[in-house]
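Only one structure is covered here, and it is reproduced in the block below.
Chain IDs A, B, C, D and E follow the sequence of writing; residue 1 opens each chain.
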Amino acid sequence: SSSSEDAAAPAEGCVAGELATVEAGALIIATGEPAYYPWVIDDAPESGQGFEAAIAYAVAEKLGYGKDAVKWIRSTFDGAIAPGPKDFDFNLQQYSITTERAEVVDFSSPYYKANQAIVSFKGSKLDGVTDLAGITAAGAKLGAAVSTTSLDVIESQLGLKASVFNDNAGGVTALKNKQIDGLVVDLPTAFYLSAVEIDNGIIVGQIDGSDAGDSGFGLLLAKDSPITGCVTDAVDALTSDGTIAAITQEWLANTAGAPVLK
Amino acid sequence: MTSPISDSENWQPSELERRRRAERQRKTQKNVLIAGISSVLVLGTFSIILVNSPGWISLRDTFFKWAYGVEVLPKVILGFTTNITLTLIAGSSVALLGLLLALVRTSRSPALTPFRFLATIYVDVFRGIPMILVILLIGFGIPALQIPGVTNEVLILGTIAVIITYTAYVAEVLRSGILTVHPSQRAAARSLGLSHFQTLRHVVLPQAIKRVTPPLLNDLVALIKDTGLISILGVTDAVRAAQIQTAKSFNYTPYVMAALLFLAVTIPLTRYTDRILRRSMERQNAQGLT
Amino acid sequence: MTSPISDSENWQPSELERRRRAERQRKTQKNVLIAGISSVLVLGTFSIILVNSPGWISLRDTFFKWAYGVEVLPKVILGFTTNITLTLIAGSSVALLGLLLALVRTSRSPALTPFRFLATIYVDVFRGIPMILVILLIGFGIPALQIPGVTNEVLILGTIAVIITYTAYVAEVLRSGILTVHPSQRAAARSLGLSHFQTLRHVVLPQAIKRVTPPLLNDLVALIKDTGLISILGVTDAVRAAQIQTAKSFNYTPYVMAALLFLAVTIPLTRYTDRILRRSMERQNAQGLT
Amino acid sequence: MSLSPSALLSVRDLKKTFGSEVVLDGISFEVPVHTATVFIGASGSGKSTLLRALNLLEQVDDGVIELDGEEITAVDIDPDQVRRKLGMVFQAFNLFPHMSVLENITLSPIKVHGLTRDEANERALSLLERFGLREKADQYPDRLSGGQQQRVAIIRALARNPRLLLLDEITSALDPVLVNEVLLTVRELKEEGMTMVIATHEMGFAKQVADQLCYLHGGKIVESGRASDVIDRPKEPETQEFLARVHSAGRL
Amino acid sequence: MSLSPSALLSVRDLKKTFGSEVVLDGISFEVPVHTATVFIGASGSGKSTLLRALNLLEQVDDGVIELDGEEITAVDIDPDQVRRKLGMVFQAFNLFPHMSVLENITLSPIKVHGLTRDEANERALSLLERFGLREKADQYPDRLSGGQQQRVAIIRALARNPRLLLLDEITSALDPVLVNEVLLTVRELKEEGMTMVIATHEMGFAKQVADQLCYLHGGKIVESGRASDVIDRPKEPETQEFLARVHSAGRL
């Protein structure tokens, strides 16, 4: 599932702490601004708190970069995907790996595979719906933030027309205003939103997004980056030694248990 | 008084005049040639630098991947219909309300002072605050009020927000046009017995609007694009459609397709208006050499 | 010819005129009062509906949570400095380049035809395509080309993109101003021996610019706001700063704070320019009753 | 406050200042129906200002203007109604540059006086014919010579058939033959019942057209009376001096 | 192609059309230095067009204009250099509305002729004084009476000390006393060495100021010569007819 086959650097060439990074001796990691709960806690990735922050530090360590050698920068979505040289070594902000995207940038192996979930409120059209057919039948209007897999789920998997928002804040407001009936986000975010941001919020259920071509979140690197192989190896190693599972357990444990819509 | 053309229908330019015309033509041609060649040279150099730069291929593939562009075009066109529909609706309302506001602001009647004051505040405020906030306030704020009977349809609310903002801009453009019409024109119209309204209708506005047509077109073109801002409310316009595709593919060609759609509408519009304007000016003005 | 004021320094308006003035004043006051009261009534009704609507409290907390606004203000102000800096840099370049373009487009010399043609294309294209695409193309495209010696500093590239787009708009506004100056003014200036350039400098442009000041201010105000578009390149302006905060808190007050900052700059600017303009017009024009 | 029976226009104690400059300083006169009252006076003496005031284009600072017995300087007067009875030719012509000659002339007859376009065109064309401008009907004002513009301005005012015509220097741009044509027109109009107030610098024209001549000086009507009396036997010293200088300039 | 020795301006076979209208149809004349050549003719006969062509403000369709022996209708001529020697007063004044009277007058002396602001102001003020406009120096043109505007236009042209003055109907808005003042000025200027081409409708003025009088008709100079000859003893039938009508109109 890794897109690193075409990456030049063989894994054996990864000398700890001496990769061909943007800035020698340092590892520059980018994330979004703001970075959201529970991926990063309090928008402070430097603290290592939050799922993606923890993953980033784990990968860094695997690559031979201590906490002090890691530098965080913020990037916009466009800044991450634009052609040309990048100012980060890798970028993580829930980028789903797809083959189409892999033509433009490199991805590591996936570090997490999130299902999508529909957030709504008590008494909405979607309250009580238990399967995918029910969503369509309810004539529900679903929203999602732009540049997310959630959007693909609505359009290609449910075959509905989505209301597309700049970010989850817009979607949540529209949901509160009952301008949409449900907001599709990844499951961890869904738990946060339904619990904290939406009065009487509910999670209608989760949807396996694989059918929409989603093969999980990967670390994003510049196309043909010399370190893609090393990073992928690091992620693979972290997966096999159980580190990622532990991190998932720590930050995303309470995100299981929503009914699966089929 | 002056002789009709028949007098000199068989008039032939003198030898001197023929030489002069030839020379003038030669000179013009030479200058046009110089200007043309230098333009081509400059543009050519840029193109060559562009095409031979190390990153050209990757840039081309990211921004100008035509096959992909054609593939996403239907989606972008679908979004574009939103821009066009909103422009038609918002455009006409903006024209009307902007005109009203401009008339209030340019009126001199002391009785209208409070309205003039309000109109000034309106323009200052709604021109000055980011349109995105107006759209958020109207599009998300009004439904949040839960006033019975008031729509929470984003298309309607978004259009209202666009109208509110653009009215401020267009009012200023029209105001400037109205101010350029010399007071003696009003005096003449009123002295002919035309009412205040008739004077505006037949004398002031025809001259005013003609004079500010270029900035009005600016605003129309900007409006077509800015109707897309209501995409923050969840409506998909051409740029949003492009953005969605780009987010999927990490390729910017959809934006270029959106731009081409915009140009396909705005350029003919601009050229057409410009031609009408130029014709009317040519008919109206005596043209000397200056 | 006419008697100096000293003749009638001790002139007192007649009884009739005093009555007339009083009546006029009374009438004006009455009308102002009616206009004022009706305005207040309308606005008041709206406010009452607003404040008594079921969702008012929630709306107020979402958009006007002042404590939170004050908290985020420093961040928004920090972003705002970007807007101001870019506006100053871009603004002056846009003024210059826009003027140049307008002059080319309004020139009548046949030798300049190729330039006129290019200028027209330039305006049509860069006015017509979404600024976001220009920013992406320049801000991400140029660095992607990896041409040696060319900057990849986003601030510089973003500013260039803004300049490119706004030059097209401002050129059209200035062009319209230049076209409103009657050809006889040029004729008079040239007949006085002023060169083409001097004629522009002293006769055409002072009149032209004064006439299009309102739409120019439109563009300046829009520019202040639109410099923020370069935030897609990763630069944080006031609106982007607000957006970041809003995305965290799901509360829109930061946008309102940004809007207040914009207004704090644009309103004094507009009022000041308007006053200068009105003064100069009052000095210049004979004002009749129409 | 009553009006002499045959006076169409009656002006009493009119006063107008611009800033610190007193332009009209207590002007009083009456204009009987079917007559022409002509104002002469040095450049800047306030002739144009007076005509503009009569047309309610300037707000006077004191005094009364009565038209048809109605005080048109009253506060609650509707100026549009007043101006329906008035025609004005401006010194600077003030043609509408965005309208052709024909449109300039027919605008008011159609929009204000309710003529059909055909009626208005017919009348306009016959007036244009008379003033030698038939072939300029579709031309735009900017492309006319000075004298042609002035004739269009005159025709525009005549086409409305007003009760009272206010004519400001209507011969300044005309050649002598046309001046005569205008003179004849003015006489005909009077016979047809028109009343006129005219400002002019042309003593010859003034003499031939005026039933009543007023000499404006220092914001006041220094002398008025029959044209031949005022011009040939001026009583007031100011008038005498002005006319003497006109004489010595060979302009009488 | 040579020029008679004392001619400052020489025009040969000048032709100008507007669309299908032939306005100037083979005009030839010479203007000796220190003299005034006056053009008379009906309204629309092309006087203004001729003056504009002399000032290179209209491109002629045929013919030659020579100034100081130099063909200024040549293609490679620099019109700015030519116009430095020329002064023009437009029939419609064409004052700059955004400049005060003083600024209107001093613009060219300062910017084109390199005078200091003080020199230019001094000269301007003395000319304003002379034409009775001293106190209007800081006023804006829109607030002047017609005659005041015309005087400013005249002063603006005079202030530049040109070699050749082109004057288009410069007395149309003036009162008789001022006309006389202008007449005296023109004479003085001639004595000081100025050369002038003048278009006018005022036969009296023409007669008194002209060294050479040309009657323009049908796009041609039908008759020219000494003013008294042309006006009092016209030879050509067209001239005779025009002057007869002027006479019968009582305007001579």
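Keep this in mind: a contact is a pair of C-beta atoms (placed from the backbone, for glycine too) under 8 Å apart; a residue touches a chain by one contact, two chains touch by 3 or more.
Only a predicted model underlies this, so the values are computations on that prediction, with no experimental measurement involved.
Student: Considering only chains that satisfy the touch condition with chain B, which of them also satisfy it with chain D?
Tutor: Per touch definition, common to chain B and chain D: C, E.
Student: How many steps does it take, at the fewest, to get from chain A to chain C if each step moves to a chain that touches the one before?
Tutor: When the steps are counted carefully, the minimum from chain A to chain C is 1.
Student: Counting C-beta pairs in contact, which two chains come out on top?
Tutor: Max contact pairs: B-C.
Student: Between chain D and chain E, tell me the centre distance in angstrom, where each centre is the average of that chain's C-alpha atoms.
Tutor: Distance between chain centres, rounded to whole Å: 29 Å.
Student: Just the number, please: Cα centre separation of chain C and chain D in whole Å.
Tutor: 45
Student: How far is the middle of chain A from the middle of chain D, if each middle is the mean of its Cα atoms, in Å?
Tutor: 84
Student: Touching at least two other chains at once: which residues of chain C meet that condition?
Tutor: 1, 27, 62, 136, 141, 143-146, 187, 189-190, 252, 285-286, 288, 290
Student: Please list all residues of chain D that touch 2 or more other chains.
Tutor: Within chain D, the residues that touch at least two other chains are 41-44, 52, 57, 79, 92, 143.
Student: Which positions in chain A touch two or more other chains at once?
Tutor: 82-84, 166, 173
Student: Spell out all pairs of chains that touch, sorted by label.
Tutor: Chain-chain contacts present: A-B, A-C, B-C, B-D, B-E, C-D, C-E, D-E.
Student: In the complex of these two chains, what residues of chain B are touching chain D?
Tutor: So the residues of chain B in touch with chain D come to 1, 184-185, 187-196, 198, 202-203, 206-207, 210, 280, 283-286.
Student: Which part of chain A faces chain C closely enough to touch in the complex?
Tutor: So the residues of chain A touching chain C come out as 33-34, 36, 43, 74-76, 78-79, 82-85, 166-169, 172-173, 197.
Student: Would you pull the chain B residues touching chain E in the complex into a rising list?
Tutor: My answer: residues 1-5, 7-8, 11, 13-14, 16-17, 20, 23-24, 27, 288-290.
Student: Spell out the residues on chain D that touch chain C in their complex, using ranges where they run on.
Tutor: Against chain C, chain D makes touches at 13, 15, 17, 20-23, 25, 41-46, 52, 56-59, 61-64, 73-76, 79, 217-219.
Student: What does chain D use to touch chain E in their complex?
Tutor: Touch residues, chain D against chain E: 18, 40-44, 47-48, 91-92, 143-148, 151, 169, 172-180, 183, 201, 203-204, 208, 242, 245-246, 248-252.
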